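Chain lettering (A, B and C) follows the sequence in which the chains are written, and residue indices restart at 1 in each chain.
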């Protein structure tokens, strides 16, 4: 469970990232975050694992305060939260296996991990995760030899070996083609349904958000302006979020939004 | 669990590289007679040096302004001569204009050889042939610049847009005309940039050329070092630093204007 | 239209102004140079030099004494290799100190690191060689130290630039899984930087070979000393064979390093 209590974030250049955000995300939800660029979607996601510090309020994950956590505790919280992003963020020159195994780093001491000593169980965990995303045959390939969609699936596998309860996805499909996009979203949905993990996705496409999520949260200038099921998201709400009703406009207008 | 299933599956490759590097290290430590205890054994020499070095003799500055200026003059003239020769030779070093593969190969081989001669050795040789003096320094810098810049220019020529060349050919221009009217305008700003870059490198290099008698501030640097006048050495080095920084700054600003 | 034309004229004017200033600087510099050295130049002497240079002294090539061309070239390459190796190892901690992306919370540390690197780089190698000849006595080891210390500054600067320009995405991903600073370093940064760092070090090994062949001028070992003696004694056949040796050695090492660098990509 993730709770936000009166969370605000003001960047050092004065830009307001979040303004008094209060919400609770339960276990096993599939949440899509929508809104214009700069509305605070990324800031919201990144304050869950404290890649962004917040300026006010408190964020708790499974009852533990992320905001007040010390170095060691933060590490422990972070290893239970997976994150994938638009740029896949793989170490391109390392093998797929090493990239996936790096999801276990939070569980190892510095020395052991630097020497590359991973337990047999973790190697098996990595194999299982890669099998799940259908890339087991690429185990020893260099990550930059893979296509964009494959790289994104490697980064999903990385969150799987973390055995995280929560997966944060920051624009996971923004640099992928429509067919790969569907596949990646289905992978996330499947992980959400069969493994019961909470999935929170930042997404530009309202259609994808409606198609896959159980709950949609709309941001505008750092404030939550919509929070509800996909069915409740109609023309009026979209106008509130985007300043106009994009679903009724021509195809292609979505990309601009 | 077998090793080949782990992240260390290509350990033999890494081991191979490590062994080769280790062999090279041991061999070079052997031939050079490296003994690091000497460094610490003679630390007191170092502290004497540092103590005097940290008290720069600023009163000496007026004596070094003249040589510093002549160092700059040597660099400017040497760079200009070097670039003047480098441009036509660079045209010969590509097939873009001449279309002659044999000529290109020969010219490039010649340029490769020119570039391999370390500039201080070149200066020493020049001093032996031409005698001590600033002119020798100028020629050394010219040859050095020639080697460095001609490579940069021919690489630039290779990447020019072929369109204007074909257009000129179709109206019956000869090769010199093509070089002048189709290629030169395209590489002009790059040549200017490389020239400024060469000037920066040359100002640094010319400060030590005096060591072998090729004029400029290096002559004084050499004599101060020989006479153990470290407080003068530090003023000279400070001066060189300031001048190099100024030249770098001016040239960088000019290069930014160019692009 | 008028504006565009004026801008055009303005640019032309600026180009001409730049050309005139450049020409003036060159002319003034040329006028200021001391040409008195020319008096000592005589065509017959130059002819003698060239005659000597065309007749390399092959007897110097190898005689097993350790003071021959092959042994001295090997020594020169050894000086360069060890110097660059020391510089590579010591430049790494400096890189950690002076990369501003590793010191987000206290940027002044990186500034200090960069300042130290600038100071190290500022001294010409020759000056380091002179200092180290005093410290450890004349010989190749002084050359190793001179190249080592000078190249810490050079490599440290280049390493730092690469570190600061690197893709922070994977680093962030590692942070998000709960990796610490050193885990981040070895899993996200090192794999990305390793090839470019190796390439830079190889390139500086090439540069070091050139330097090492000149450091002998001040007694820091290598092929430079016999060369300067031969020049002073006007033994042009000896000068010739040494120059041929240096050119071939540098050429061979450049080619070899070039091949390895291509593999690294």
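We take it that contacts are C-beta pairs under 8 Å (C-beta built on N, C-alpha and C of every residue); 3 or more make two chains touch, one makes a residue touch a chain.
Note that this is a predicted model, so its numbers are computed, not measured.
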| item | value |
| --- | --- |
| Distance-to-centre winner among chains (Cα means, whole assembly as reference) | C |
| Farthest chain (mean CA position) relative to chain C | A |
| Higher-contact pair (C-beta pairs counted), A-B versus B-C | B-C |
| Centre distance in Å when chain A and chain C are each reduced to the mean of their C-alpha atoms | 47 |
| Distance from the mean Cα position of chain B to that of chain A, given in whole angstrom | 50 |
| Inter-chain centre distance, chain B versus chain C - centres from mean C-alpha coordinates, in Å | 8 |
| Shared interface positions of chain C, touching two or more other chains | none |
| Shared-contact residues (touching 2 or more other chains) in chain A | 98 |
| Partner chain C, residues of chain B touching it in the complex | 21, 24-25, 27-35, 38-39, 42, 45-46, 49, 69-70, 72-74, 76-77, 80, 112-113, 116-118, 120-121, 124-125, 127-136, 138, 204, 207-208, 211-212, 215, 221, 225, 233, 237, 240-241, 244 |
| Chain B-facing residues of chain C, complex | 25-26, 28-30, 32-41, 45-46, 49, 74-75, 77-79, 81-82, 85, 122-124, 126-127, 130-131, 134-137, 139-141, 143-145, 210-211, 213-214, 217-218, 221, 224, 227-228, 231-232, 234, 239, 243, 246-247, 250-251, 254 |
| Residue numbers on chain C that touch chain A, as the complex places them | 169-170, 172-180, 182-183, 186-188, 191-192, 194-195 |
| Parts of chain A lying in touch with chain C, wherever the complex brings them together | 49, 51, 74-79, 81-83, 85, 87-94, 98, 102-106, 108, 110, 113-114, 155, 158, 162, 168 |
| Complex interface listing, chain B residues touching chain A | 1, 5-9 |
